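Below, chain A partners chain B and then partners chain C, in two separate complexes.
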Partner chain A sequence: MRPRGRSERTIWLMLAAAGVGLLAVPFTGMSIYLMSVAFVVMFHAAAAVSWNILGGYAGYESFGHSAFIGVGAYTTALLLSHQGLSPLLTAPVGALLAAAVAVAVGYPCLRLRGPYFALVTLVVSLAVSVVVVNLPGLNVASGVFVSRPAASPVMSRFILYEAMAVILIVAVAVARAVERSRFGVALAAIREDEEVAATQGVPTTRFKLVAFVVSAALTGLAGGIFSWSRGFLDPGDMFSVNLSVLIVLFALFGGRRSWVGPLLGALVVTLAREFLFIVIGEDAAQILFGVLLVVVILFMPNGLIAAAPRLLRNGARR
Partner chain B sequence: MSLLAARGITKHFGGVTALEDVSFEVMEGETLGLIGPNGSGKTTFFNVASGLMRPDAGRIFFDGVELTRLTPPRIARLGVARTFQISRPLAGLTVVENLLPGIYFGSERLSGPEARRRAMELLELVALDGKAHWSAHDLTMWETRLLELARALGVGSRLVLLDEIFAGLAPADIPETLDLVRRVRREMSTTMVVVEHVMAAVMALCDRIVVIASGRLVTEGAPQEVVRHPRVLEVYLGSKEVPDAQG
Partner chain C sequence: MTQLVQAVTTGLLVGLSYAVLGVGFSLTWGATGVINASHTMVAVIGAYLGYFALAWFGVDPIIALVVILPLFFVFGWGFFEGLVRPLKKRTRVVGLSSVVLTLGVALVLESLTKLAATANPRLLQTAYTSRSFPIGPARVGGGPAMAAVISLVVIAALVGFRQRTYLGRAMRALEQEPEGAALTGIDVRLTSGVATGIGFATAGAAGVALSMIYVFSPTSYLPWLVFTFLVVILGGVGTVLGVSLAGLFAGLAVSLASLVIPFVWANLVLFVLLILVLLVRPTGLLRR
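So, the complex of A and B:
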């Protein structure tokens, strides 16, 4: 790993300050509504930043990341409803199980690239959901009731907010550490030309698997806290293909070179969706939203981060 | 002492014979020219030696280690590096970042500022240091060749396989490039295998030449002998007599 110079340390300190700020916001008396919107934004951001470790840095776009959300979600939900264990304790268990799934499916899947990898991860995520739903003795198929974090709704929302904020902070810290590391340089080389990377000494097979496992574990962690907000888990709800695609869109929309892109993408897209749902209703919003995304991806193929300076310049000229 | 030894390398692509029972050795410290007409199997040999292809038969040894059982990264870690005939820069990265994977994960395995320093040294050697922070995408074709060379040296300098780095160069650029390769060889005491069509370069650089045609070894020897060898003239220029089945 690179030893960090002063500027590097300054950046980490600024990020730590931002993290503390994020954790402190609810103490200013946020409404329940704002806390729940922030919760979803942070959940989406954590998932997108985690997805990006494999999909952005290494260029292996998974379209099945809701499998890891689902594994994390059902792990905490089942341990809560059967054993009474808090998701605060069991979310890491969900992350471990998601990592285990990634090891099992990663080795064969990561031999494929591009659309083949996208397709096979999508199919595998459907298979994982079928397996989880049909696990013997757990009655997942008929739904799982999840008790709220606390008796008071405000307290519940507060706990959920803080838990998801911690997970987002962890995801960003890991993603940034990867970016700055030799491992991150190797992933970039894999993205650009995997054969060249291999002839440079990069253990491509192992590194792709590590990236996949880290990405899956962090996504599972986020899923583990997400299910706690639900009250009742419907099978097919956590494992939704919609969510898998949405995670990819966040990263594409924001830009995939660094953790900032997926974070920004998740923020902008989630808030826009929320806003459109309220203003023009859910069905019309979905349609408008789909069109908007197509336009955005056509005209900003490298995401908001890359396009923003250009847009600002053009705006200033007018 | 031989650093690289190929023993009976055979590789077929469907019905096409790329290499057929090719054996030769590369001595420590020498520069060996590997020449032959287009399609004679030179690049296939590099692909086999760097682990990107498995031979159908035969083995290659590097310093006593069998390369033909290893993956490309393991081979790179031994200090065997190659360039690609058609340059393959990591286009989304900067010039200096192109060198880092090899320096981090090749035979030297440097890290931190030491690795960056090494990358800059190598860029200086090929006179690309002024463009270290350019996107590799913006280099000219010639500059991507230099980048290929520097990147290979970052992986390791024990054995470098150069795949046609002179191809397509303006004749005026050839002497400068020759000087560069000589300087690399001198400063890093690198053993080289050079696949090349530019005969002026081959004659100027190589201690010894191996000629292959249609995947088979034709002859090997000192440059002056090889170019006068009747079989070599025949594979390059054709012969007046009706050739045997191979013709």
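So, the complex of A and C:
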């Protein structure tokens, strides 16, 4: 399992250094624009890395992760606009609520296999959005105004950047810890063959639920900070199926075996997306992402990380 | 009492449209193993074609079906040859990857529809949609009535096709036992292509039917997908009658629920129903 010659501790130290570097970048005088692009990239990466804990390691692909983003987003937004509490304090509350939703949803739905699970999570995310939008007393149907983190735009962006960077670091640390643990090995066994895993003594139902809850909580955490950047929350935005599909696309495009894939996928696809939105407009760009999804499924089912060496070799030969 | 009769009638009529929407999804799933998440997006495009046939050429959507059905059949066949066959060559178990693939297709079609027709919701208005007919103490709108007629014709034609024709029986064989079907000399490639074509054509018909009942927009495919999935899980993969009954049941459930609870919550009844069904039968109410 271990890369040649490097001890586990060295790798953790390298990752910690990368994390510190990520947090330090804004001090070099990053522009507001770059900070906001980096914010979106880190948000997507955190969501994709979290999604991968269940979707990649255990092979249970959720198409409803925007439900957890929405729950996290509305928790922090409502607590901010009604109680004046900072999302920095309340994002963990959003994560807890997302985890609670994951328990309620996962308990029945994780008994379903493959395509059934995928479709039911999509249905559930629509149901969760109906509930949140129409719950009496919340009044979110007409939108929620969210005040900025700080008076100055630069300071706002800086706070958002640092908060999302912390969440990304947490998500990567959790994902890597899961990968290296017995728990992670058990999840991989579930992915390869669930019956065999169960006969080998893996408590499959409990482990899948734990993976789902961890995945949902981290996603909710990211959603909680994300809503802070929006100014105004439109219900259709937060719970969008497109966002759920995009998260799956990040992970599939990058590769699902380790946290590196979803991170890389989120980085590449999000940057391409920002660029294409400006150049050809949103609807036309969505077409390209649909095509990308089809291409990934047909031609690189194991993602960029698995396909890259082959692509490079073919390129060199020509 | 009148209210109850009204709700039951409306529920049954609307349910027939759900049934048609589900039938094609179920047949494609049964014959090819593909779970086509873009099925309801195809239906939305059918609804748009019917709408524009009326708006631009003054042709009634029902007459437009003469063009829509063969056109969508060809699209479906092309979809099978162009996307499903390459996918099948790559993986043996096609279920999950087909969901991802077809969601990609749905995303493409949704954006294309938005570009071509804007995201504005549309309401189909014909001579008959503005009228209503008395049925007992209840009144039925011309739109839902016409939608029910379309649905009944399509379902009857499908049942006949599957009982009476060689291809129809080959399709049923393929649903039951793909390898056995291939061993008896059934052309699996042809039959699967035709099944997918029929799936798309019925989606087009369902779209036209639904456009006579509901306001629709490019994003309508999501709520429609929920209905479809529910109806197919309830009714079974690869059964026309099972899916039809499930469609009627779903229509009734929503219609009766909206008698007692606000409409926005009535759709939640379907979600809860779906989860309950899946709890009882984790793989759906499948025959396989």
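Criterion: the second predicted complex is superposed on the first by the 306 of 318 C-alpha atoms of A that agree within 3 Å, B and C clash if a C-alpha of one lies under 4 Å from a C-alpha of the other, contacts with A are read in each partner's own complex, and residues count from 1 in each chain.
Rule of thumb we're sticking to: a contact is a pair of C-beta atoms (placed from the backbone, for glycine too) under 8 Å apart; a residue touches a chain by one contact, two chains touch by 3 or more.
Note that the structure is predicted; figures quoted are calculated from it, not measured.
Look at A:Tyr116: by the touch rule set out above, it reaches chain C but stays clear of chain B.
Within the superposed three-chain arrangement, the count of touched residues of chain A is higher for C, of the candidates chain B and chain C. In the superposed model, A:Thr199 lies in contact with chain B only, and not with chain C. In the superposition on chain A, A:Ala151 makes contact with neither chain B nor chain C. In the superposition on chain A, A:Ala188 makes contact with chain B only, while chain C stays out of contact range. Against chain A, the residues of chain B that register as touching in their complex are 50-52, 71-73, 75-77, 81-82, 84, 88, 90-93, 97, 100-102, 104-107, 111-113, 151, 154-155.
By the touch rule above, chain A contacts chain C in their complex via residues 61, 63, 108-109, 111-116, 118-120, 122-124, 126-127, 130-131, 134, 241-242, 245, 248, 252, 283-284, 286-287, 289-294, 297-298, 301.
Here chain A touches chain B in the complex through residues 1-3, 182, 185-186, 188-189, 191-193, 195-205, going by the rule given at the top. Within the complex, the chain C residues that touch chain A are 35, 37, 83, 86-87, 90-91, 93, 95-101, 103-112, 114-115, 222-223, 225-226, 229-230, 233, 262, 264-265, 267-268, 271, 274-275, 278-279, 282-284.
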